[in-house]
Amino acid sequence: MLEVAGLEVRYGAVRAVRGASLAVGDGELVALLGANGAGKSSTLRAIAGALRPAAGSIRLDGQEVLGTSPERMVRLGAAMVPETRDVFPDLTVGENLRLGAFTRRGDAQGVAADRERMLAMFPVLRERQDQPAGTLSGGEQQMLVIARAMMSRPRLLLLDEPSLGLAPTIVQRIFAMIVELRRAGLTILLVEQNAAQALAIADRAYVMRQGEIAASGPAAEIAAATDLQQLYLGG
Amino acid sequence: MPWRRLALSFLLLALPVLALAGAVQFAQSLLLERIAITLCINLVLVVGLQVFMGNAGILSFAHIGFMGVGAYAAAVLSIPAQMKGMALPDLYPLLEGVAVAPMVAILAGVAVAALVAALVSYPLMRLSDAAAVITSFALLVVLHTLMLHWSAVTNGPRTLFGLPKATTLGLAAGAALAVIAVALLFKESRTGLLLRASRDDEIAAGAIGVRIPALRWRAFVLSAAIAALGGGLWGHFITSFSPKAFYLKETFVVLGMLVIGGASTVSGAVLGTFLVTLAFEGLRAVEGALNRAQLFAGQVVGLTEVALACAMILFLILRPGGLLPTAEIGALRRTRPESDR
Amino acid sequence: MTAFLQFVVDVLALGGAYALMALGLVIVYGILRLVNFAYGELIMVTGYTLFLLGGSPLPWILMAAVAVLMAVLTGIVTDHVAFRPVRTKSVTAVLITSFAFSTLLQNAALLLISPRPRSVPLPDIFSETVRLGGVVTPVRNLITIATAVVLLALFALLMKRSVLGLAMRAAAANFTMARMLGVPANLVITSAFAISGLLAGIVALLWLGRSASVAPGIGLEPLLVAFIATVIGGMRSLEGAVIGGFLLAFIDTSLNHLLPQDLLKFRDAFTFTAVILILLWRPEGLIRGPAAGRRT
């Protein structure tokens, strides 16, 4: 579904991503691991079209999409959940969800069905529908942004550190949701620092270090590799 | 501090001014002399604006308002006593007998403008960039309103006349050189350095305890004082003027010079002033010729502004930093790579 | 009592116009974080369109519709000429390009039409007055109040209920995130400029009613009003713009009543002093506006 090759991302003089290549197959859950500052978010943002890479190639279903605008990427089926967990704080939970379905005008029935599905999956959101999203707790906001991304009915979900700053029990629940979404046929690229948990649910994994892909393989193999710690720290 | 590069920059910037003044002396042409004096006064105004905009990174519209304050304040003091009855019929009796030398009057005008700027601008310096620009625009309008209606000292919307013609080419050129030196020094001063650092990273600057509003305020007051100097010089060059000389049209022209040259550098301000002043004189001549030839039914007005507006928009699109965006002219050779961000 | 009623009508009529002017400026600022200095020229364009249509046999309301449409188009053109090419470069660059565009339009009017005021056609009702509970007031004032109420209500409805309104509010809070949900940047921006033009165009019809003429500099006062109202109101908040508009009208009208004749011509200076005092107390303006968010 997704093939990234030789990706370069620069911020001025900083080379955040240096020739990274990775692939995600149809229906796979792939984890992208790495220490803070390794370049994971930059990679994801480049795929989502939120920033313009300096070089490389990004293919979605075989079609080159490098440099495509973020709004077009959503229409092509790739939805992004950034690590900053950007709910629109002044809009209600319901309005946030409604915006998630922005690309699906003319499909009112489908949207309503998906909304039901999401509210069933995240019952707290149903209770808080008319509340400004800014008043939700961190975990609830994370659920909202995932649900909101799902409202565009994506084929590929780009998830950036969904566990960031959340209590362990909430993280458990969010990971359970991710597994459920994947079981329903969604392809997922999951960025995590929380390697153990991510590897437990992923099919395959890539490890990023200083902007490069330092290791890749089936999740079980990566988890078994004793030098995981070293890969992270750049030993 | 890069003293040597600073000195080199100053010399390289002084050279064209001196060359121009010398050439005019030699040619003995009144037209050329007029253009040269105009250019020197423009230099004062544009470099003065650069002191604030280049260091604080904030656009100020009030600049030409302070030029007006300087011009009027100087005029009130320098118009000869016997002219005052006619020129300023409503003048306060206290000021009626006052008539000082033009130079003293100009400097007093500078002091008045600096004082006004110091008083009104402090609260504005705390505003975020857009709000600061907007309020500076409002300040320009208010200063204009005062000039229009405070008849006692401005003769209202009518033309104020009777100023002694005191601005010679030597005086104007000397002032331009002094202002260029001040601007270069201010840029490298502690205030200037901190301001420029804070412009790039406000949060970091705040973190090390820099009080940005206070720094901006110093730059603003200095900038206003220089504008008033330009105003005083201009007033004693043109000898009669009305409030509309210190409004949006002049603001636009001065801003255009700065933007085209490059607001971040004093060298850019100087270069822009030279280019635009000369282009302007050319276009004015064309406008005048068109009007004399009477090709069109009415007067041709505004052509010059239309041309400058187009040039400014094109420049900002194609070369947003202006002609000299980062390095002063004396540092160009060694820091070439940095000049293209 | 009558004096009080007179005061209220004056404040509401002036405030309605001011609020609409401020709203038209803030709708663009809120989304792009960029100030449109060519905003006043939307009013000028409306005026000149009316003037040019003046001799035609069209019914007035049709001329007015065309004039407002021209303001909308000019708004969109402003985006393409002054904003889009430099949007990502610097805030100052956009300020200057829009200021240059404003000068360009004004001088084009100067060059192509005339530096002198030109009269615009207006319906008779604009110059009539009515008696209301002892107060004599121009009908125009009542029309202004009614227009402001209707437009503000429509605007609130659009922003709160429609998907486009939601998208614009979202874009104002976090432009990139809105785009990552599929909201096209250009749709939001063009809509903002179009709404800005629509509000300016309609306000222009009412504003022109005061002098029944248009000159190249006519946009300056509305621009200034919008500026001050938005700075008082808080720059980024739509409600703030409306509140700022009415507050400014309140200050202006109060000064009109309080100041002696010979000080009245300095009214703008007094208003500005009041604004400085408000800003000393609240540098961010009265209303904060949506949290967080950066420019595109």
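In order of appearance the chains are A, B and C, and numbering begins at 1 in each one.
In this section, contacts are C-beta pairs under 8 Å (C-beta built on N, C-alpha and C of every residue); 3 or more make two chains touch, one makes a residue touch a chain.
Since this is a predicted model, take the numbers as computed values, not measurements.
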item	value
Chain contact topology (line, ring, star, complete or other)	line
By mean Cα position, the chain sitting nearest the middle	C
Rounded Å distance between chain A and chain C, as computed from the means of their C-alpha atoms	42
Rounded Å distance between chain B and chain C, as computed from the means of their C-alpha atoms	31
Mean-CA-position distance for chain B and chain A (Å)	53
Contacting residues of chain B [partner chain C, same complex]	53, 57-59, 120, 123-124, 126-131, 133-135, 137-139, 141-142, 145-146, 148-150, 248, 252, 255-256, 259, 263, 298, 300-303, 305-306, 308-310, 312-313, 316-317, 320
Residues of chain C that touch chain B when the two form their complex	29, 33-35, 81-82, 85-86, 89-93, 95-97, 99-101, 103-104, 106-108, 110-111, 114-115, 220, 224, 227-228, 230-231, 235, 265-266, 268-269, 272, 275-276, 279-280, 283-285
Chain C - residues contacting chain A, complex	163, 166-167, 169-170, 173-174, 176-185, 290-292
Chain C-facing residues of chain A, complex	48-50, 69-71, 73-75, 79-80, 82, 86, 88-91, 95, 98-100, 102-103, 105, 134, 148-149, 152
